[in-house]
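Structure incoming, see below.
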Amino acid sequence: MDKRLSSLIEAVADIQDGATVMIGGFGGSGAPIELIHALIDRFIETGSPKGLTVINNNAGNGHVGIAAMIEQGMVKKMICSFPRSADPTVFTQAYLAGEIELELVPQGTLAERIRAGGAGIPAFFTPTSVGTELAEGKPVQQFEGRDYVMERWLKADHALIKAELGDALGNLTYRMAARNFSPLMASAAARTVVQVSHAVEPGAIDPEHIVTPGIFVDAIIEVANPAQEEELNRAGAHHP
Amino acid sequence: MDKRLSSLIEAVADIQDGATVMIGGFGGSGAPIELIHALIDRFIETGSPKGLTVINNNAGNGHVGIAAMIEQGMVKKMICSFPRSADPTVFTQAYLAGEIELELVPQGTLAERIRAGGAGIPAFFTPTSVGTELAEGKPVQQFEGRDYVMERWLKADHALIKAELGDALGNLTYRMAARNFSPLMASAAARTVVQVSHAVEPGAIDPEHIVTPGIFVDAIIEVANPAQEEELNRAGAHHP
Amino acid sequence: MTEKLSNAQIAWRAAQDIADGAYVNLGIGFPEMVARFQPPGREAIFHTENGVLGFGGAPEPGEEDWDLINAGKKAITLKPGTAFFHHADSFAMVRGGHLDVAILGAYEVAETGDLANWSTGPKGVPAVGGAMDLVHGAKRVAVITDHVTKKGQPKLVERCSLPLTGVGCVTRVYSSLAVIDIEGGRFVLREKLPAITMENLQNLTGAKLHVTAPVEDLICPEL
Amino acid sequence: MTEKLSNAQIAWRAAQDIADGAYVNLGIGFPEMVARFQPPGREAIFHTENGVLGFGGAPEPGEEDWDLINAGKKAITLKPGTAFFHHADSFAMVRGGHLDVAILGAYEVAETGDLANWSTGPKGVPAVGGAMDLVHGAKRVAVITDHVTKKGQPKLVERCSLPLTGVGCVTRVYSSLAVIDIEGGRFVLREKLPAITMENLQNLTGAKLHVTAPVEDLICPEL
């Protein structure tokens, strides 16, 4: 078994119109820029995929990555906790113009819903958002005298994530705070594609240090020296 | 802040009669033998702690560790998934004599209940045990046409676990399959005490390789060259 | 009693259906034997509940490291690509549908797909381990078993009489006499030993065997 | 308007109540300033939602590594003992009650302990981040805030008018004029600037200030 792909084009070829796509990253740390841009390039060339639901903590920054997807009109809906960021004009404009839907989820609930999706837990109870407008319409139940909101799992058709080391079996490590949602998303998507900064042979990662075991990964593509979203934005980059 | 203790006696001094104690390990791998034996020694000397509820995957093997606790009469109740093991005569005899209670929990549900206890999730739904006698009396709810059982979190007053490296801040690594329930238990107990095979300075463990961050750990005690339960049992060891 | 497959042959037959690169959990005891019979050119990746993925076979006697064991508490070995993780992640793999196949033993399997394999009733010490989790989540749950009990009673039945492990979870049974799929609440016979007649096989089975396509010969090597 | 504490002084005062070895989450923006004022001999361990525990302060300009950031997307640094983990583990720390203190900003705080700090109403793009999680789980949830809005309206009120972040969650408010505990659905005044009279302070507060013990002088260094 070898999960290594040979091109970014191949890596994003399976994503269909209307798909739900989890994209790793928190702000610029962990954003799989090259995978996203390959997907945008495909859209520009073929008109597909469009009508996507994208799950990420944020809603893009500047004019690269998720913001560039929104700018191209590929995204029907964002599921995220914090669509306001340093330079979020793309999402803000689309949202205020009614061109994009937003499902706002508290950050810890977003993480737990994704983990639940990967772990086969269809619903769980959390104290987060009890008594607030984000709990409206959700079942509330009391345990030991305290109210909790029932939240549902989140799954996706695809996950696009960025990792540091990846072996042919799909075992992954991450780089510092670029880990964030990616291990959860890898487990919660029907198909998980990973851009790794260094593709290595099985056995090259100490079994104690593997963060995402390969069972959660379907394909890896090596992208050496990947772009960092924050640095792109500080340089005023646009894609395309 | 320095979470290092200087003696095993100190490490187990806080455990009171009637406490609920999570004990790491799966079979012999990860069993914190020296902590358990220090607790037994305290009981033999002082008559306390007794009436304990112990949470572990198994119910002890041979005449050391948890089996020796049961043999001493310290344990009122076991919460576990697999009390039948290679040499489980101590638990079996106590159970068939009606001297110890048993709450039998499917292994994955046991793990998830402990994780939920540590993560502030009072209840969750799982497909495991639906339609079986282990689901009797538990709420069942349908999601997307499939039945799920609601399970509650598990918490403890104390966790006693074994780790490989531990720094003064309580950051931990484990050794191979000795990891098992220990990271979960560390998060789910009001007080977590860890025997580490090597106590190291903060910074000695690569931040990427830490499995249990120190926030889940209250105290560590170095036990160099710890006993391995399986090896003790193969040698026919008894404690005391 | 008729000629039947040995346990090794049943395990061999089950192993033939495991694809290259499949993620597989083998129940403790007899099912562990399936790992010995991976067809040449195919490599399954084995998962064990206690937090190891992609491990190797048993070490040489005397070479055991008892911190490196499987769910049956037997010593295993590392291979390139082995990964360690904690129990909650391990059962996320199980419950979350990430395993391709789980192969389990059985006391009884019903034509409904119900499985009983954890308790022989109220006597003794009950122990469930990971069985109730494994029957959910794996994309395919198969059973390997003698076709009848030691007393000659059918293990494939209309309804289980023993406490259930899971409801409607088993999709294929590899028995000592036949390979049987469970589809739409029915046993569908796929393969049988050439030496056994349909009538004899039906007599040893506690529920009706359906035939929806030509029944193949179940032929295993001597092992 | 009367003399008041600067933001740095409010942050300094909040920092005085953080014990050595405490696990602390500082909300993004103004609360991050609290980290600068750890009293000598005490070291708090800071948690950030995006999966870092025990990190150090900001790097020198030009030395940033943008894979090492806090929840406010500001660059941070490693210290001996820093740990990385994923988002689910990060919020297990929050929701599971493992933090000793969370210090957050506020639009409004009610005498009931209700907090509004995430939305100023239906206009614009809503964004909640980790605020709704942080108000649950930390053993102590404190607010640092100007005592009144830019327009001079009270931020400490009987009932919040803005969308809530959490119900009954705040236990202490460090304002630009006073330190106030929330106990039994009441504001209990603990400390106030010596220069402000009780009457003036009450006039700037949207709910009754209770006094249950001698009110201390709130004295901060020039910063």
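In this document, chain identifiers A, B, C and D correspond to the written order of the chains, with residue numbering beginning at 1 in each.
Just so it is clear, a contact is a pair of C-beta atoms (placed from the backbone, for glycine too) under 8 Å apart; a residue touches a chain by one contact, two chains touch by 3 or more.
Keep in mind that what you see is a predicted model, and the values were worked out from it rather than measured.
**Student:** Measuring centre to centre with CA averages, how many angstrom lie between subunit B and subunit D?
**Tutor:** Inter-chain centre distance comes to 36 Å.
**Student:** Distance between subunit A and subunit D based on Cα centroids, please, to the nearest Å.
**Tutor:** Each chain reduced to its C-alpha mean, subunit A and subunit D end up 30 Å apart.
**Student:** By the touch rule stated above, which residues of subunit D touch at least two different other chains?
**Tutor:** 84-85, 88, 91, 94-95, 136-137 - these are the residues of subunit D that touch more than one other chain.
**Student:** If you look at subunit A, which of its residues touch at least two other chains?
**Tutor:** 112, 115, 119-121, 126-127, 174-176, 207-208, 211
**Student:** Quick check of your reading of the touch definition: is the inter-chain graph here a line, ring, star, complete or other?
**Tutor:** Per interface graph, the chains form some other shape.
**Student:** Between which chains does touch occur?
**Tutor:** A-B, A-C, A-D, B-C, B-D
**Student:** Spell out the residues on subunit B that touch subunit A in their complex, using ranges where they run on.
**Tutor:** Where subunit B meets subunit A, its residues are 112, 116, 119-127, 141, 143-144, 146, 148, 152, 173-176, 207-209, 211.
**Student:** Considering only the defined contacts, which subunit A positions touch subunit D in the complex?
**Tutor:** 26-30, 57, 81-86, 88, 91-92, 95-96, 102, 104-112, 114-115, 126-134, 174-184, 211, 228-231
**Student:** What does subunit D use to touch subunit B in their complex?
**Tutor:** For this pair, the touching residues of subunit D are 20-21, 23, 43, 45, 47, 53-54, 78-85, 88-89, 91-99, 136-137.
**Student:** Considering only the defined contacts, which subunit D positions touch subunit A in the complex?
**Tutor:** On the subunit D side, the touching residues are 48-52, 65-69, 71, 73, 84-88, 90-91, 94-95, 114, 124-133, 136-137, 163-167.
**Student:** What residues on subunit B touch subunit D, complex-wise?
**Tutor:** 1, 115, 117-121, 167-169, 171, 187-188, 201-203, 207-208, 210, 213-216
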